[in-house]
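Both of the next two complexes hold chain A, though its partner changes from chain B to chain C.
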Partner chain A sequence: MKHRTFFWFILPTLSAMILFIALPIVSVFVQSLFVAHEQVLVVSESCGPFGCTPTTSVDLEATEKLREEAPLGRFNGLGTYFNRSHLAIAEIGEAWANSDSLGTFWTQIYNLPFYNALIFTLTYTFVVTPAVLVLGLAIAVGVNNLPRALKGPSIFVSLLPFLVTPLVGSLILFWMVDGDGVIGATIQKIFNDPSLSLKASTALTWIMLIVYGIWHTLPFSFITFYAGLQTVPDDTLEAAQIDGASKWQTMIHVVVPHLMPLVSFVTLMLIMDNLRVFEPIVSFSAEAHARSLSWVIFNDLRESGNPLYASAGATSLLTIIIVIFLMMPVLVRTWRDFTRKSH
Partner chain B sequence: MATKAQSRMTPLKLFSYTFVALWLIIAAFPFFWTFWGSFKVQADFLSKADWRNALYGANTIAQTGSAFTAEAYRGAWIDEEFWFNFKNTGIVVFFTVVISLTFGTLGGYALARSGFRYAFWILMAALVFRAMPHITLVSGYLLPFFEWNVWGILPTTIIVLVAINQPFTLWMLHSFFKNIPKDMDESAMVDGCTRFQAFRYVIVPVMWPGVITTGLFSFLLAYNDFTVAAMLLSEENETIIPAINSFMGTTQVEGKVMYAVAAVVSTVAPLFVLILFFQRQIVSGLTAGAVKG
Partner chain C sequence: MFLKKVTAAGAFAGLMGTAAFAADCGPEGQSIRILASDFPAIHAVAGAAEANCASGAAEFTRNHTTEARQIMNAALTPNPAEYTSVIVANSTLTQLMNDGLVRPLNDLVEKYGQNIPENLLISIDGNIMAVAFMANSQHLFSRKDLLEKAGVAEVPSTYAEMIDAAKSIRDAGIMEYPVVMNMKTGWNVGESFNLAFMAHGGEFFKPGTAEPSVNSPAGVAALETLKGLVEYAHPDHLTQASNETQGLWEAGQAALGIMWGSRGAPILDDEGSTAEITSNTVLSAAPSVEEGGVPGATLWWDGFTIASNVSDEEAEATFAALASALTKEMVMANNDDAVWLLDGFTPGAAAEGVSATAKAGAKPYPMIPQIGLMHNALGAELADFLKGDESAEQALADVEAAYITAAKEAGFLQ
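What follows is the complex of A and B.
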């Protein structure tokens, strides 16, 4: 295809992506360099019968004017990145110097907002992803063994948790595990503890969110693996059987290696989606015990009346860097595949 | 053909059947429970005393005289004007799907037919863009949109959703067009068509299966979107998912949780129908690009 034709064909999609994905990233970076204006203070002397006292007041008009002139705020350089709510370099140094054991150091790190969110996001991603891979494969094999008439309906049933948006899906689960809901109330009865609530402890909240995450993404890996299972050559399976391999051995040594390319595809997709975990935290109102990076950004932007653009920008950019860093192995591999093909 | 050895019931097989059955129950039960409960009153749906109340509706009978009540739906759709949010979602979804498919087919076709290196780079960039959490992009939109005075209206949200949707659409249609033999459009060009005419008269008639599959996923993205709509739409233009979220805030206080339950069931119902009709396309879309390699 000629360069010119290519250009006209790609123009709409490319301009949409540049305008609304690439430029916003630049905009995020720019706004992370500024912080909100301080209020303009005027010191005036008020003189009474007992002498003069200086009073400080806010010059609303001047503050408003300043905001009007430079809506971004005043330049702060990389200051926002290193403050307490983000990378918190100073606080980490202090914590390292002051804490006598790794445990206390860890607790102090955990209490820093950015690291707190990062720890939850990474834990969520790296628990949900492997769990979904293994369980998805197990279900795919199970469904593949089912009689033909049952396969379609089981896929139908499985699709719902995946296609329903996380906000709605987690609400549905939330109403069940809530203290008054069917699962929550049953658990309270079993442990005979009417105050037991999944929302009350950090560990239980994390488990609840992770269980939700598995429930939501399992269908994706199941269906991909199920499709992959249809392509396993019968001859190889038969050969394994003739050689005396048991079902389990066939599974481990024939089927799993055949599905390996699929595993890396599913892993990539799962990591991308799990890293943006956000809506379940809103639905479960779990923010007291679990915050993800996306939730922190959302919260900064929602700060009523006075959104913290700089803070949101800095967290966004750090998140983007983390996402790209985690995707690097896949990107490098795709690049290698491409250069191998073209030479 | 299944041999005797293959159809024998082994412990392993029994285990895998149980496992599948367990999963199917876990996947379906919450939906069934919520659907059933949405026709009850709150005292039954969230019944601490006895979970059987949610099944038989003891309090519902006491309060309304019948075991089923559509009160929650009336409250959500009429009192809280949920139909209005549905209308907004309808507009957003329709335009998002149409525009992103138009852009996506043109771009995906070009990428599939161009062997130049920059085509590969565009696909790589799209993959990275696909991985961006949506909220990071939204934080970049807010200030400029306020400045230009385009915040809060539906067209802004539509174009943002189109853009966010492009990376996925491009990848999917790119791999789809790759499977259409090059010879088809090339022979049309040998016969004197321009590239665009070849696309219009040769490729367009055969591209619909791929476009429908991609369209389903564009639909899901626009229909399910919370992050973008919650941040970029003003209250009077709210779509269903942010509306459910704000229901949660207000109705919890007023003891009208059932309104939110009814809204949730109304939101899931169209998806249910969608899966019923398009299950095959959804499955093939999920695995496109993966299975083919």
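What follows is the complex of A and C.
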């Protein structure tokens, strides 16, 4: 394709991407560099149904004047990125200096909000992604080998978890794992421990969230792989059979390599999806045991009296950087395949 | 001449009042738009205002939503604002005042507020910013039948008595987890800490500054109190808020609870529970640290405000409409929906807890601009201690560190 033609061809997409993806990210980045103006506080007398008390309030005129002079706030550079709520450079240094063993150092790191959320988010991503890939492929192969009459209904049933809104799906599961719910009561019976609660233990909460994540995203990888399986050439499969390959060998050496581009695609999508895990944490009321990066952003913005835009912006950008970092191996691989093919 | 005027005015009022009674609705043909939370008492007030004054207004809309707190700052910021009035509470008023979104009401109170008692005018530095009409607070709920069965003679009045009573109930084999409290991670657990912190005489900030002072002996004592109580609460307590605790209570799975006064009426009514439970439920003052001490509760009021960014006529009409709703008749018609601060209220069984708590000297929820940030930090950082992963001092140090980081970003600290 000529460069000129290519340019006109890509222009609509490119402008949409700049408008809806690049500019918002730039805007978030700019906002993350500023913090709010100094709030001018005055002490005054406040009275109400329960008596009078001296109290502080914001001096609106003075604060308004500051705001008009610099609407973005005070420039803080990368200060927000390095403070305790984010990368916490100073706190890590202090923890390193003060801790006598790796264990105590680790506890102190885990106590910092950003790293706490990061550890859960990464654990979730690294468990759910491979599990969904492998199970999705397994189900796809299984369904593909079913008799024709059963295929339709089983595809439909396998897709169901994807049709349920995450918030609703996790809320239903939350009620089921309650001590009075179907799953919770059954587990209590199996282990013969009436005080066993899935919601009260950090480990069990993590497992619950991860199992929910696998259940919910499985249909996506299943249906993609199922579609891919329809394109495996019969000739190659027959050739493998004639060469005496077992079913398992055919699977590993013929089918999987054929599906590799799809595997890359599904992996990319899953990493992006799993890294922004959020709804189940809210629905499961799991904040005491598990927080994700998205939950941290939500929490910064929720305090509507004083939403912390810079904090939310900084966490968002750090999340984007982590996503790019995690996707790098897959992207590099795709790029290599692409350049190899074009030669 | 004077007489003539009076008769004319009287005849006019008589004409106006043929349909209902004559409420003074201020300027006619204005647009009145109210944003409010969604519970029966608020519906009663806004509904009465609508009944009185909708006919004379060009437009009368009410938006009742549980998300009012989340949208109100954004909705009042443009000029003209989306709503002419927001019905707020202690903490939400500061949220609006921090951005200068509500106007002083002194002149309007003078003109239309003859029926409003002085003590319901929320004033800051002489400026009336809101008009309160109902109160709420947390207090103790007890099941007297279960207490008797466990050999506890009196309803507990201190935290120590409450923990002892819980222990007796457990030891008697009546219930493994007799205590319910709103301990859900986030706003609720922060508020539960506030209750115990107030009872222990704690101060959130160094006086006159935004410097935190929760990592204090009072803070540690408050956390120890909470820990002592949740020892007897269901292991899932960190996921339980008002709806869950009310549910547990109505299901008969709790014997001692610290819950909101506004849950009193729904618990005592004949829906969702059995007569055995409701007839044995006693509402009393929130527990204190020592006999006769400050109860572990925060007093809340709900009241209305008028937006800054609306025309003076709209503001006047809105104020007049809402002020016209604060009547004896409205209160008597909705007596059990709230602890009304207005004339005509006869405290029923559902209001006993809040009245007793207020009488015992509970403190109001602090109306300080930076309290929201502190509350958020408490809600996020206390879970580690309650799970048993962290010492009280460490948890409070984390709260202060999280608060300081947020307060620096919001401009309260340098």
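In this text, the second predicted complex is superposed on the first by the 270 of 343 C-alpha atoms of A that agree within 3 Å, B and C clash if a C-alpha of one lies under 4 Å from a C-alpha of the other, contacts with A are read in each partner's own complex, and residues count from 1 in each chain.
We adopt the following convention: contacts are C-beta pairs under 8 Å (C-beta built on N, C-alpha and C of every residue); 3 or more make two chains touch, one makes a residue touch a chain.
Because the structure is predicted, anything quoted here is derived from the model rather than measured.
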- request: Pick one for A:Glu38: touches chain B only (first), chain C only (second), both, or neither.
  value: second
Message: I want to verify the contact counts: of chain B and chain C, which reaches more residues of chain A?
response: B
Query: Can A:Ala16 be said to touch chain B (first), chain C (second), both, or neither?
result: first
Message: Touch test for A:Val58: chain B only (first), chain C only (second), both, or neither?
response: second
- prompt: Looking at the overlay, does A:Lys2 come into contact with chain B only (first), chain C only (second), both, or neither?
  reply: first
Query: In the superposed arrangement, does A:Met328 touch chain B (first), chain C (second), both or neither?
result: neither
- request: Quick one: classify A:Ile252 as touching chain B (first), chain C (second), both or neither.
  value: neither
- prompt: Is A:Ala138 in contact with chain B, with chain C, with both, or with neither (first, second, both, neither)?
  reply: first
- prompt: With the two structures laid over each other on chain A, which partner does A:Asp178 touch: chain B (first), chain C (second), both, or neither?
  reply: both
Message: Let me test your reading of the model: by the given contact rule, A:Met260 touches which partner, first (chain B), second (chain C), both or neither?
response: neither
Task: Could you tell me which stretches of chain A are touched by chain B in one complex and by chain C in the other?
output: 178-179
Query: What part of chain A is in contact with chain B in the complex they form?
result: 1-3, 5-6, 9-10, 12-14, 16-17, 19-28, 31, 71-72, 135, 138-139, 141-143, 145-146, 152, 154-161, 163-168, 171-173, 175-176, 178-182, 185-186, 215, 218-220, 223-224, 227-228, 231, 241, 247-248, 261-262, 265-266, 272, 275-276, 278-279, 282-283, 293-294, 297-298, 300-301, 307, 309, 312-313, 316-317, 319-320, 323-324, 327, 331, 334-335, 338, 342
Statement: The chain C residues in contact with chain A across the complex are 69-73, 90, 92, 94-95, 97-98, 100, 119-126, 132, 135, 176, 184-186, 208-210, 234-236, 238-239, 299, 301, 341, 358, 363-364, 366-370, 372-373, 376, 380, 383-384, 386-387, 390, 394, 398, 401-402, 404-406, 408-412, 414
- request: Quick one: which bits of chain B touch chain A in the complex? Just the residue numbers, please.
  value: 5, 10, 12-13, 16-17, 19-20, 23-24, 26-28, 30-31, 33-34, 37, 45-48, 51, 54, 102-104, 106-107, 109-111, 113-117, 119-120, 122, 124-144, 147, 159-160, 162-164, 166-167, 169-170, 195-196, 199, 220, 223-227, 231, 241, 244-245, 248, 257, 260-261, 264, 267-268, 271-272, 274-276, 279, 282-283, 286-287, 289-291, 293
- request: Can you check the complex and tell me which residues of chain A touch chain C?
  value: 35-39, 41-51, 53, 55-58, 60, 64, 73-74, 80, 83-85, 111, 113, 178-179, 194-195, 197, 199-200, 202, 284-289, 299, 302-306, 308, 310-311
